[in-house]
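Just so it is clear, A, B, C and D label the chains in written order, and each chain counts residues from 1 on its own.
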């Protein structure tokens, strides 16, 4: 199979789906002429024209809301918020309109809206270009929220997202765009709500998603040399969430580390821990350990930034903690 | 001491602080002429004039942002978002500006901003007038978040909030405005970050805040008749959060129920459970039990609404669960 | 017999125009305008009573005094055209041809209502008739309308979308963002501004320096006009022109239908904060009395005929109340999770 | 010797006006304008090099070509007046009298920088000098400026606030909301629109139908003017007038300083998406060359004098780089939690 980058896999997902479905449109700041500053939508304008690939004004609230209206009326819009930090601007339309309209309006509309939200930190982009808000949207019934990380999953799940009749917040990690992996040429889907076991192991379960899956794998490989056998789960989908896979794993390992890049307080890892407790308190030999970013606005200085973002070493430490006793 | 309503206690806090501090101003939709639709700001316009009590246009983003700018430049604005559901509209200014400016700008500004956010469900106000977003703001370093419930605490903590040099999101429960309690006439403060033990008990700890404290007390009183002795903690302050009081209680009871009105998934209760696990996994005889709203957009029908919002009975069930084994 | 408008009112309400049917409008059409306006009036008068009697709950906003705007506007539309609404949606539903029974059932929170009891007054919607739903967040329907117009354009349906909004709504950021986008791309959407000069207790003039709101249109390069919002024909004509333009690919327009809120903000609002003496004379502009007067004076309909229509309307509303109160059912908790997600998917 | 502007450019750039100092402006003042513009140019040219050499990181946007706007504007201010900024803040800092050493140190992420290494280019701020901080979210500085003006008004300081923003920023909701509020309450704020006709790769004309953005002012009942944004005197004069008005309690103005982005959006942008041939002739409008030419031609300064200023500037920037690179320190992790909350409070 071909090895392509995340950027290319996302691009291909949109392109191929647009080829077979004329109702799919793409919009956001600079998605057309520039093909988005990260290059993710490159070439779409040339192939599909300005009626379907739309450079918007810097009007996040209204262009997301325009996506909501268009989705209600028969299009399948893919809206991009270039840095997910600014999804704040569109949050009213997402939370109070997209997520609720079908319910409020008696089931008479569908809302096949995808909001692509590049997220995560790295590179000294400071406090307004580094955040991860997945747990905000996890809190909102009516939404689906995913954060895949491999090129294969990103392509397959973006296609799933486009075809889904519900609003999907699609988190892409900005530092992943250059990463490569095997991706089939044809159209295929990867379902929501199914986690992937990236590595089987019997000593401890590491629950991860997006960039943390990469670091979890690194940590697991290194600890393997010390004879510690980690099972690494890549959730891929946050809402719906695959607790079955997580609990099956914990049944085996009886220990769990839950990771997120977002700052820890108020984050998704807490939700996962609380659910694990609900579902299997007695399975646990030690306390679940959470890994997350430090509770600070992201500093510009890259030394500080590195200190804030959890990585392989943080995860290793957490695993050792989970293995204690 | 006088018995006054929550509405009056909040009103008095603003009035008295405005009397001694000319830099305190109040603004929001209909806070002046109408004294806010709930009557909370009644009489302030007459006493302080339109320069300090300002009816804004329906521009939540910009009038909150105006509060941010005014706070940075020497005023102490109290901004009201009439229903906290719409704080979405102002979330960019709160999350990306108010919370981060001091940090981003090298410590050269203060941000004595209060955002009053009436929240909570009840009365058939449906999906856009019933939500509780406290955990969104708990997730944001740089903010303080409080949700007191007694008239005494509401007055004292609103004064603390006004005097605090940091941005404070002040959640008031809409169904509490008519509730009465003892409130001193003079100015006083209630500190942030200190929980109140509303009822001492030895069998189980109930962690609660805002309206859930009321229901927790009701549940505790009823269960007392069955010989179950609950300790009820009213957190009052969400960020900072008083884990010391919570852990001390759990050390005694070894069982805990954590309650919130917000829909359960992605909520603050999960954060509390995860922290309790971090701090005292071994203290727990049974799994912490969470109580929260069902994960649905709030339906209009009041029968359904009642079913969604947790109350005394839900809490009693949770307590019995925590006491099992 | 003809209604006399006080000089004082005319001085303040400079956009007043006498009723005059457009060239060639048939009697039945004019009677239909009257019928729909009166149906809205009766519906919302009844809703107020029901609310005061605790039969319905939540937040309900009456469309009384604004009837000419929804009715005049929707009369310029084809059935497949769409409208977006505000928190004040009852009039929009009726004007778009909706069913008062289903709406009343919804206000009672019943399963048979438009929204299966999940939406209520503030989220009343009739999507099959192109009424894309009321919303309780001021301004939030603006981008929805633009999106609907975008869909119509891209799918080539030839439909237009009306975006109803209030003067209060004009100061929301999305108002600006939405009109700018619609203008930039010539989308088939018409922004109909229901300017009742009030937002709850806040007068427009205290929150906007330039109160002639139609003037803002020039900043976006689109036509902006102001019309007598108490005059159903005036509204119709202005909207018709804008609709024709939009259908022709010439893009959006802003129509400011100026009037005055005559009742409270919501059904139980006693308006203690307002000088009601100053409002009183404006009742002479009441769009329904004016229309009735016009029909009689111009001998378009006889008094008897109008009376019959009025009686039918009274009965229609009574039937709706009876239906909602007695024939419909409370939604069961089994329906709680329905329609959060499409195709029956349930995520708890 | 005088710079000749191509006819083609003048046809496209209709707001061109020849340089002409305001009545009575002293030589030192004119030289100061030149000095500040040139200092910005040198700073940002150096920053680009440093970025390309991986000496600084993050997102850095150059103020090159816009120098006349910040400098002309801030020259109309008193030291206590405030300005809010955009993502393109270096020029604003220098124009407001900031310190290039501290700014360079910040871009290097050093503790001695303006923001102790926590902000970087996109959040550069010099609050003591009234520069209330750059922000990376387009439009987010708008309400900040209105709030600053509100504070000035309520505290009776007599200060005005300048709100810098880009053409891209004009389509954010808060742009509209902020101007409406400022107008309604006559607040002392001047909205200075840096219209370089581009937002990253998106041309203004593709996202707004009416590109004469100053025309939007009429919708809010405030003055709106357009000036040659390459002309420091023209900017100064327009702003001065607006500042006087604002200080007089007459409320806000919108000043559209029109120019063209001559370089890439951010320092490493090679502009592959843009027809650079069409941009090329606009370099003739370069505000600094024009100013230099003007000074020489009108014998306000001799070539030598100007050369000396230029040399001093080169040295000043070199010193700043040296200071930042070699004399400053990385912030320690012990400082990580500092200044999240006031008064040394730490919440982990």
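Simple rule for what comes next: a contact is a pair of C-beta atoms (placed from the backbone, for glycine too) under 8 Å apart; a residue touches a chain by one contact, two chains touch by 3 or more.
Predicted model, so just to flag it, every value in this text is computed and none were measured.
Novice: Would you mind checking which chain's C-alpha centre is most distant from the centre of subunit A?
Specialist: Max centre-to-centre separation from subunit A belongs to C.
Novice: In terms of C-beta pairs in contact, which of A-C and B-C ranks higher?
Specialist: A-C
Novice: Could you grab the centroid distance between subunit A and subunit C? Build each centroid from C-alpha atoms only and quote it in angstrom.
Specialist: 41
Novice: Distance from the CA centroid of subunit A to that of subunit D, rounded to the nearest Å?
Specialist: The separation of the two C-alpha centroids amounts to 37 Å.
Novice: Quick one: report the Å distance separating subunit C from subunit D, using the average Cα coordinate of each chain.
Specialist: Spacing between the chain centres: roughly 46 Å.
Novice: Counting only residues that touch at least two other chains, what does the list for subunit B look like?
Specialist: 56-57, 59, 61-62, 85-86, 89, 92, 96, 103-104, 126-128, 141-142, 239, 295-297, 299
Novice: Find every residue in subunit C that makes contact with two or more other chains and list them.
Specialist: 106, 115, 118-119, 123, 135, 137, 171-174, 177, 180-181, 184, 206-208, 340, 347
Novice: Taking the touch rule as given, give the residues of subunit D at its contact with subunit B in the complex, in rising order.
Specialist: 82, 84, 106, 113-116, 118-119, 123, 125, 127-128, 132-133, 135, 137, 140, 142-155, 173-174, 177-178, 180-181, 184-185, 338-343, 345, 347
Novice: How about subunit A: which of its residues touch subunit C in the complex?
Specialist: 23, 25, 51-52, 54, 56-57, 59, 61-75, 77, 92-93, 96-97, 101-111, 141-142, 144, 165-166, 239-240
Novice: Show which residues of subunit C lie in contact with subunit B when the two form their complex.
Specialist: Per the touch definition, subunit C meets subunit B at residues 57-59, 106, 109-110, 115, 117-120, 122-123, 135-139, 168-169, 171-173, 199-202, 206-208, 273, 330-331, 333, 335-337, 340, 347-348.
Novice: Which residues of subunit A touch subunit D in the complex?
Specialist: For subunit A paired with subunit D, touching residues are 29-30, 33-34, 37, 55-62, 85-86, 89, 123-129, 294-297, 299-304, 307-308.
Novice: Provide the residue numbers of subunit C that touch subunit D in the complex, in ascending order.
Specialist: Residue list for subunit C touching subunit D: 171-177, 180-181, 183-184, 186, 206-210, 215-222, 251.
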